[in-house]
Structure formats: structure tokens, C-alpha cells
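Should a chain be cited, it is by its letter among A, B, C and D, assigned in written order, with residues numbered from 1 in that chain.
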Amino acid sequence: MENILSVLIFFPLVAALLGFLVKPQSIRAYGITVAAIEFVLTLWLWMSFDASDGGFQFIEFFPLVSSFGINYYLGVDGISLFIVVMTALMTLLGIVTLGEVKKLKNMIISLLFLEVAMVGVFVSLDAIVFYLFWEFSLVPMLYIIGYWGGEKRLYAAIKFFLYTFAGSLIMLVGMLYVAYVYHEVTGNWSFSLTDWYALVLPISVQKWLFWAFFLGFAIKVPMFPFHTWLPYAHGQAPTIGSVILAAVLLKMGTYGFVRFSLPMFPDASVAYILPVGVIAIIMIIYTAMVAYAQKDMKQVVAYSSISHMGVIVLGTFAMNPEGIAGSVFLMLSHGIVSGALFLLVGVIYDRRHTKLMSEFGGLAAVMPKYALIFGIMLMASVGLPLTIGFVGEYLSLAGFFKVSPVMTALGGFSVILGAVYMLSLYKKSFFGPVTKEENKVLPDLNGRELAALVPLAAIVVWLGVYPKPVLGPIDTSVKALVQFMDTKAQTPEAKRVIHVSKSTKEAK
Amino acid sequence: METFAFYLFSILIAGLFLVTVLSRNVLYAMTSLAAGMVLISGLFFILGADFLGVVQLIVYVGAVMALYAFGMMFFDATGVVKERNTPALLVFLLGGLSAVMLVVIFAAPAIGSHVTPSFRTPQGVDNPHAVGLVLFTKYLVPFEVAAVMLLVAMIAGIILAGKKMDTSLSKISDGEESQAAGKEER
Amino acid sequence: MIGLSHYLILAAILFAIGIVGVIRRKNLLMLFFATEIMLNAANIAFAAISSYTGDLGGQMFAFFIIAVAASEVAVGLGLLILIYRKYGTLDLDNFTMLKG
Amino acid sequence: MEGLVYTALFAPLAGSLFAALFGMRPKTLLTGVVTSLLLLVSFIASTALLWHVMHVGPVHVKLMDWIVAGDMSIPFGFNVDQVTAVMMTVVTLVSTVVHIYSNGYMEHDKGFNRFFSYLSAFVFSMLVLVMSDNFLGLFIGWEGVGVCSWLLIGFWYHKPDVTRDENPSISPSWAANEAFIMNRIADLGMLIGIFLIYWNVGSLQYDAVFAAVPHLSHALLVAIGVFLFIGAMGKSAQFPLHTWLADAMEGPTPVSALIHAATMVTAGVYLVIRAHPLYSAVPGVGYFVAVVGTFVAIFAASMALVNRDLKRIIAYSTLSQLGYMFAAAGLGAYWVALFHLAAHAFFKALLFLGAGNVMHAMHDELDIFKMGGLKKVMKWTYIYMGVASLALAGIWPFAGFYSKDTILEVAFNEHTYGIWFVLWLTAGLTAFYSFRLVFLAFWSDERYKCYGFHPHEVQRYVLWAMFPLGLLAVIFGWYKEEFVDFVTGLLPAYEVSEHTHHMLPILVTVTLAIAIGGIVVAYVMYHKRLKRSEKVEASLPYRILYNQYYIPILYEKVFAKPYAELSDIAWKEIDLQVVDATVDGIAKVVEESGDATRRMQSGNLSDYLKWMAGGAIALAILAVIVVANG
């Protein structure tokens, strides 16, 4: 299976197309089977991944438009590998938990298309292919929000689409400019990332390009003040949409920072640590406060996502292996935890058709299993040690501490404020007496929901206690990345800030 | 002599065309247009483009104007249209401005002095001969295409004009039913 | 002495007259007339340039323009007749189906 | 020895998971018995380890790697040295007693199984905290005990929120959240301390860090010391992060005994003791620690003087005693702090368990003004609580005498007479409020009859379970010499100077005098009957003390409320009105300009031609300008 990556992309694509032929009553089984096979394939990818190699593996190369250097160029390294695995996992679990929705067939086919796009984004090493998948991911999501969403679904869907689309267009301009510069320098056209990495850009050019890419990624992340599409999208999207959105789509932005901004513009990245860090801190504190003010459970989780993404951004711009590895790990853990939290909110929404915290109270007594899993996810969300949430958050903050202790201390407020809004959510919904009559007879989690949530809870604990299988490959790739940045950096400031780990230095 | 002819023709052409544009009566307009066309051929002769002048006379004054004249027979030639005039200010602003701009552009030294011939007129032959040489060598393919185009235009004109009075094109292509309906109405 | 510029300016003025017609008139037929004026203005310019530079290309172009104009009249008049039959008028203000 | 370490560590976890299996089912006695037995196993293993450390030496094991990224390599490593062994023994002993006790106390509770699961999980976390060989491992336990404390304080989560006048803690779930969040604030400080250590030392292993202390700059050491102490302040409820401890009394009483008296709250002290090479290097920070501790000692004791809530009084006394420990540790007498920690664990747990008995008998009534004369019906409980109170007051020959007296000696020896005086005064206050409680609850008139209570003694096995604590509360102090010999294998020996040595008899006498004085005053005031004076209760100092210096209300007004309001503003005013409105505004500009230009699309060919002409002219003008400009 040398072309496993192509299989990962095209298998769900073909399956989605074939899905149109499947009878509506068997579409659920079909969807679960396809997603499960895809997940097993990603596991196989993980198993056959060489953890000691920090470079790209499973490379596939096939020229598409050779005169413009556009190639079908795929590969994974430790950074993207696990996001791919998580994508497949969350899609699978999302399909498993799908309740009775209208037009289930369309939903499942959309999800499979979405999976194609998401996997494609994370494995493509050609800017144009990357961009195609990046934009293609918007379409199924637009449909999911716009068709299955809540009351203001059209507004939310269009806002989501246009906002992110506007950002990525600017990113596209940046990409074209990089290709143009590449052409100017070498005389050839190329959109291959590995070629672009080798291109040493002048500082002034880097600075402009940094912001072009930044805008595209920042809207996707979403960073303050470009975040306002997210609460609408989450508020209106169906559960599955929110799960995928929070778990995977947001990661595309931070992944972009690691994949594009850091290695391509190391000097500009270092030069802009301060503004980016300030934005990240505003994200962390400000959105945590906004989350606290929410009355709707789902909105709390939505804003908490933004807050946590702030920590990820901090870690990414730490410019040392600890921070970047932490931020990549946090991408995974946040994907799993926020995905699970959205699933959990969906569970209660299915039963009561409301997400307002004031409608609940005392749920712990009525739905103990639900309360237990919610509690585990809550603790993971606030970054409790021995849960998956701690490792990434700790490493990200530790990494950024090297850059700026003061900003880290401010960013560390996520530790406090995260506890504030999550615990108040838990208290309002789960503690206290059962006040509402209709809450007294709520059924606890059913088999299908448990089938999705228990594995997630298990992963949360497993990777919290023993993160090595995941953190190891990430660390290897990140070390290689940081070392590459260090060699490529031109300004003395960048040389100073980029911190290559001792073990890498010794290996040299 | 040439100068005199140029100015005479120019003024006459401009005047006639102004009549065409400003006249309320379609018939006057057409007549003055035809007259202007004839005078333009005069300009062509002055320029030594004999062949073009002849073509101008034959095609425009002969064919096109005849076509218009016949076409107008289909309409109520005098005052079919009660025109609501566009505000004069706007018309003269746009018209005047465009005139000024075009004049500025064409009068600029950049044009007259920088044009160089890419296909010299053959020496020692008269104009129709030269045109023939060029037309059937370098411009053979466009010439043939133009011929086909004229044929197509002729057929199209015949078909369009020969349509039944009260059915629209789209309805005909819709199929048998509407055709039948058209027939009944007739 | 009459130079190229004289012809070009004449062409420009005639073209502007055509534009005035295009803008001012609401009768479709008059629009066609105005269009003819503009085409002829272009022809004059082509012929003049051709003559003054000794390049037959300009005359060729004018020649083809005349061919196109003839075709245009043939098809255009056909359409005009159809429109007149369908609507009974040629006044542009009556045709606003494309209003957005 | 590895086996013993793992047995001691994982037996409570196994118990917790076992109980968790039954967590959602009705009460099964099995869970209580199994967890208690596993705790006993853990205790035995801990004792064996204590013996091993005493006679062979410290044990160090490494289970596996935890976080490895960049240069950071953090293992699950466990180190059992003298301090750890003492802590382990104390923790597992008290835990075992509390587990057995809880079998009786929680007998009729619906969440019986859940309770034991949480309780054992707590012991596991606490053991991780004390056994870890690096700072981040300690942080695991640190947060773990925090969560278990959150779960256990909020154990009766179904109780609704009430006003502060009705119940100062509002509700168990409120108190739980308060505790967690307060601890989180401190944890941030601790994390920063950890980051500082990591980036300056390159490791978080204790041995590596302490070996590097001499090479670090003074300012850095001060910063590390301060940040770590901020962490300790949260967990050990030092001022200004102290309010959660009193509110934490909303949890079941065994929880208060185990977590909020004997073990978890002493984690801060443990941290300072553990990091003693660091604090020894910066005496200034140590002095700061001692001052904070001393302040909290008298501050908490003053609040205990007037409180009427049985558990809150004991909670304040815990706070006060923690202050003593910090004072000792801050002054460099680490073994004294550890000694007081252990002694305090025994007698304070005993005191709480006794209070639990009283509550059980009085149907969860906590107001000591409604008790009185209980010694007739609850003889054993009375004896236990009496012993514990004597120990707490520091009366010879009980455990508290030895430990507390040593702390006062240290304060005197360091020439910090201010600290000495305050601590001395606090000793008197301690004796007074302890015995105010004892006399009001067990002596004086039988007021409970007016309220229709029918108190009864608890089950016999529960009383027996408390016996080890009772015994230790009496005799633990007698083993001071052995204790010193043992722990000074790791901790610096603290010797008093010649001068102090001469002063010792006087110091002891003075201290004993004020303690006995406190008891006598309490006796005089309360032994007959409860006398309430409206005038006193209406006076300002009384109200200040009774309302905890109005600090909880102050926090609510200064932090909680403004934060909630600010959050609301951030959401409604900023997020919706500014940020989102800007985005929508941009979209609206586009939409409206499109709507405006839509009029161009009149459908009239004539208009289009005009636009076309206009456009052509514009282009022509542009062309001219471009050409004209070169």
C-alpha cells in the first residue's frame, strides 16, 4: 500500500458517490461501514508510519499541470498524521451518533465528502491541491449547516462560507505570489511545499506574505477579531456539524500556521510573535469571559473552543519544539474533547430540544452516565493532568514561556477562566435539585451514544496517561521543523528566538 | 483642390449625419444617412482607395440603404415611435465628451507619426489591382469566412423576416403544440 | 495640406455624432442608423491610415467592416421586423424585460 | 521494594475503580469493605516502606515516560525518601481510618458506592502528590486531589443554592466550584514556577533541580520560590485564597476529616518542605512564607472564636494550624513543620470524625448553640474530641504540645519575636475556641432537647476505627526524638542556639500557661450554660469576625460580580455590538452598494448604451492620462 494516502482520499470519495445508489434504509449501516474502513486505514497508516523519521512519508507525486508546477503531491509527517487519524475517528463517531434526521442519506454523503476534503487538506503537499481541498471542505459544511441547522441556519451558513472564503482568497493570492517569486528566482513554476520551503524569501516579502497567509488561517482558526462566524455556525449547525467543525475544520487553520507560516516565513513569524501573541491572549481571556456569559450550553462550548485555540496559537508561535509539539498535540486533544462536548450537548438537545442551561439542573441525578462522561470531558477541557487536555496545554504554555513569561502568565488565565465557565456550566446543568418536571424522566445515554462517547472518554484518559505513541512522532517531526527554521532564519532576532532542542543539536 | 474637397465633404457629411441623428422623421434620417454614405465614398476616392469607395457605394448606398428602405416598409414609416427624448444635457455631455476625447486621442502626435506599415501597398499597380493581390493572398481565409458570414446573414435575414407574424421564435422551437396553436390563431 | 490627423479628427467627430444618436434616440431603427454612422467613421479612419502609411491592411479592415455591417443589417432588420410584429412598437422604453 | 511502592500507590486506585464499577447502583457494602481493605493494604505497604527507608534507604522507581517533547522529559517516577515515607504513612493511616469510619457514617446515603470511589481516588492522587520524583508529577497529584476535593465537596450536589445568610457556603456545588477555581488561581502560579524551573534548569526532577540551586541567580530563586508558594497558598488555603476551606465543609464530614484537615490542605506545606533546598537558599522568601503563615494562624483563629458552626470552627482551626506549619517551614525548621503536619493530621482528623459523630447524632445539625450536655449520651465521642482538643491546644503530654511548642521555640530562636508573640497569642486563642466548642457541645445545659433531637452514640466499630487516631493524638509527640533522627536523614537538622536552650523551660511554661489560660476562660464562660449577650453579638468586632471579615462578600463584590458583568458586557456589548456588527457592517456595505447599483440594470437598452458610452469615455480619459504621464 504505497499509495495509502490516495486511497484515504479517494475511498470516501468513491464511497460517497456510490452512496447515491444505496437505499435510504441501509444508508446508516453503509455510512458507518465506510467511515470504519477509512478509520482502520488511517490506523494502518499510523502503524506503518516510521516514528523516527521527521520528514514526509508515504509520498506520492504525479504531475497535474507540469508547465505550472502543479502536482498531485501527497505526504504525511508526524504533524499531520494524527490529525488525519482524528479526522477519520471523529467522522466515524459522528456518523455513529447520528440520530433520526431528515434526509439521512444526504447527510451521510455530505459527511463522506467532507471527510475527503479534510483528509485531503492534511495530506496534500502541493499548495494548489491544498487550496482545492481547503475550499472544497466549505461546501459540504455549508450544506450541513444550511439544511439541517436551526432557525437562523441560512444566515449562519452563509456567514460561515463567505467569511472563511474571503480569508482563503487572500491566502490564495499569497500562494500565487510565493509561486511567482519562486518562478522569478529559479525560472521554474512550482507549487510544491517542499520546493517552497527551500526558497529563502527576503524579509520584507516574508512580512507581507505572512499576513496574507495569516488572514486565511486566522479566520479559519478563528482568531479574535475574526471569530464571530463561529458562534453562529455552532449555534445553528446540527450536532454532527458542530462536532466536525470544532474537531477538524478549525484545526485546518492552526495546521496551516505550522505547515506554511513557520517553515516558509521563519523571520516574519518571529518578528510578529508579539502581535500574534497579543491576539492569542485576547482570544484566551476575552472569549473565556464571553463563554461565561452565555446561556446556551452549546455556545459555551463554542466560545471555549475559541479560547483553547488561543492556547494552540500561543504554542505554535513558541518557536521551540516543546511549544509546537504541545500545540499540535493540543489540536488533537481539543479535537477530541470539543468534539465529545458537542456530541454531549447534542445528546441533551435530542432529548429536550433546548440547549439553555436554565432549562436543566440536577441532571447528574437523572442521567448519571451522561454526567460522568460529561465530567470527564469537562476535566479534559479544563486541562486536568492525566487527561488528554493537560499535555498539550502544558507544553504549549511551557513553550511560550521561553518567548515571553509575562504573556504566558496572561495566557495561563485559560487555566483559571476555563475552569470558571466550564464548572459554572456543569453546576447549572448537572447540580442542584431537579427543578423541571420534564427533566425527571430523561433517559440516560443509549447504546449508540455510549458507543461513540466511551471510546472518546477512553482516548481522553489513555492519551492523558500515556501520550507517547502520539507525542513521539509529533516531537520528531517538530524537532526537524524547528531545526529547519533555525537554519533558514536570516535575522539575528529569529536566530535568537528559535530554540532548537539540545537533543537535536547533539545529534548533529 | 484636395483641401477644398476634404473640407467640403467633411462638413457635408457631418451635417447630413447630424440630420440623421437629430431628425424626428425616420424617412429624413434615412435619406440623409444615404447621402452621407455617398459623400464618404468621395472621401475614399480622395484617399486613393478606389476599390473601397466603389464597395462603399455599392454595398452601403446600394444594398444596405435599399434594405433599410424595404425594411421600413414593414413599419409605419412616419412617426411609429413617439420618442421620449433623453435629457439634452446628458446627450450633449456624453456626446461632446466623447468627441473631445476621441479628438484628443487621434490628434495626439503619438498616433500619426508612430504608425508604420506592416504590409506595403504593392507599387506600380492601381488600387483595385493591389487590393485584389492582397485580398486573395494574405486575407484569403478571412475573405472566405466573410463570404460564409454573408451567406449565413442572408439566410438568417430571410428566415427572420419570413416568420409568421404572431408567433415568437422561442415558441416555434418549443414544438408541435405551439405551432399548431399558432396555426389556429391564424 | 490635409494630413492624417484631419481624417482622424473627422472620423472622431463622426463617431461622436454616432454616439449622440445611440444615446439620444429611442427608436430601434434609429439606433441602427447611428451604428452605421459609427462604423463609417471607423472606415474613414482605417482608409486614411491605410492611405497615409501605404499599408493595405487598413483598407482590408474597412472592407471587412463593410461586410460585417451588411450582415448586421440583414440579421438586425429581420429581428426588428420580428420585434415590431410581436410588440407593435420599436420604442426602446417599452422593452425592459432585463430589469434587475 | 518496587512491588511495595506500587502496592502502596495503586491499591487505592484499584479500590476506586472497583467502587466506580458499582457507582451507579444502589449501595453495596462490598464497595466500602473492599476499598477499606485495599487502603489497609496500602497502609501496610507504606509502613513497610517506612521501615525500609529507615533501615535501608530511599527507594526510587520509574514506571514509564509520561511527557517527552523537545528537551522536556517527564517520567512517572516515584521516590520514597524520609519525607515521603512519613507523608505516605500519615496519609494512608488517616485514609484507612476514614474509610472504615465512612462505612458507618455514609450508611444511609444513596451515593455510598460513589463516595468510596471518590475517596479512594483522592488517596491515590494524594499518594502521587507525595511520591512523585518531579514537580510535574507532583502537579498531577496536586490537580488530582483538587478534582477529588471538588467531587467530594459537591458530593451532595442535589442541594439547591441558598442565600449567604442562610448558609455561608451557599450550596455544596457552589462551594465545590469555589474551591476548584481558587485552587486553579494558585495552580497558575505553580505552573509558572514550574516553567521557570524548566527553562532555567532544563529538568523538573527534584534531584536535578536541587543540585542546580547553587548555580541559579538569587532573583530567579526568589521568583521560583514565590511562584511555588503561590501554588502552595491555594492548596493550603492561605490568605488571601483561604475562603474556600471553610465553605468546603459542605462536603460529608469524613471528607472534611481526610481532605480538608489531615492531608490535602497540607500539600502546600509538603511542597515547601520538599523544596527546602530552594527555600533555604532564599531566606527572604522563607521569611515571607513564615509571615503569611503567622498572619493566617491568628487570622483564622480569630474567626473561630465566634463561629457557631461545629465544622467551620474546626476548619478555621485547621487554617490556623496550617499557618503554624508555614511559619515553621518558612523559618527553616522543615522537620518541625513536618512533625506538626503529622501530629495535626492525627488529632485534627480525630476531631473531625468526632464532629461527624455529633452531626450524625444530631441529624446534621451543626450549630453548637443548639447542642450541649452531649457527654452523657456520647461518652466515647466526648473522650475522643476532648483528647483531640487537648492535643490541638497543645497541652502536655499530647502530640500537639510537642509540635507546637517546637514551632514557638523556633520562632523565638530565629529572633523573630513578632512571629513568636503572634503564634503564642494564637496558641491561647486556639485553646479557647477548641474548648468553647467542647464545653458548648458536651457540657453545659442540654439545649438540644428544646429542638427535639434524640442524640445517640454511633456504631461501635466506628468508634474502634477512630482509636488509632486517638492513640496517636496522645502518644505521637513522645516519639519526637526518633522522628527527628529519621527525617533529618533528608531534611536539615534544626538546632536551637545555646541561648534559646536556656530559655526553653520559660518558653514552655509561658506557652502552656496561655493554653491552659484559654481553656480556663472557656470553662468559666461556657461550662455551665450558654450565655448569649445581644450587645456583644451586635458589636462591630463580633460581626466582622462572624462574617469572616466580610471577605467572602468582598470577593463576591470585587471579583465574582464584576467578572460576570464584564463577561456580559464582553458578549453583548463588544462581541455582538462591535466585533460582529463590524463584520455584518462590511457585508451590509457590499449588499447595499449592490442594491444601489441594481438601478443601473433598468432593462432599458438605451440606458445601457448610455452607461456604455460613459464607460468608454472613462476608459478613454484613463488612457489619455496614462499616456500623458508617460
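Everything below uses one rule, namely that a residue touches a chain if its C-beta (ideal position, glycine included) is under 8 Å from a C-beta of that chain, and two chains touch if they have at least 3 such contacts.
Computed from a predicted model, the values in this text were never measured in an experiment.
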item: Chain occupying the most central position, where position means C-alpha average; value: A
item: Geometric centre distance via CA averages, chain D-chain C, whole Å; value: 93
item: Distance from the mean Cα position of chain D to that of chain A, given in whole angstrom; value: 36
item: For chain A paired with chain C, centre-to-centre distance based on mean C-alpha positions, whole Å; value: 61
item: Chain B and chain C, separation of their C-alpha mean positions in angstrom; value: 5
item: Multi-chain contact sites of chain C, meaning residues that touch two or more partners; value: 19, 23, 26, 93
item: Residues of chain D touching at least two other chains; value: 606, 610, 613
item: Per-residue multi-chain contacts in chain A, two or more chains; value: none
item: Arrangement of touching chains [line / ring / star / complete / other]; value: other
item: Which pairs of chains touch, using the document's own definition; value: A-D, B-C, B-D, C-D
item: Sites on chain C touched by chain D in the complex; value: 19, 22-23, 26, 31, 92-93, 95-100
item: Contact set on chain B toward chain C in their complex; value: 2-3, 6, 10, 13-14, 17-18, 20-22, 26, 29-30, 33, 36-37, 40, 43-44, 47-49, 51-52, 55-56, 59-60, 63-64, 67-68, 71-72, 74-75, 80-86, 90-92, 94-96, 98-99, 102-103, 105-107, 111-112, 115-122, 130-131, 134-135, 139, 142, 146, 149-150, 152-154, 156-161, 163, 165-166, 168-169
item: Interfacial residue positions of chain B with respect to chain D in the complex; value: 86, 90, 94, 97-98, 101-102, 104-105, 108, 110
item: Contact footprint of chain A on chain D as seen in their complex; value: 23-24, 64-72, 136, 139-140, 143-144, 147, 150, 154, 157-161, 171-174, 177, 180-181, 184-185, 187-188, 191-192, 194-196, 198-199, 202, 563-564, 566-568, 570-572, 574-575, 579-580, 582-583, 587
item: Residues of chain C touching chain B in the complex; value: 1-21, 23-27, 29-30, 32-34, 36-37, 40, 43-45, 47-57, 59-60, 62-64, 66-75, 77-82, 84-86, 89-91, 93
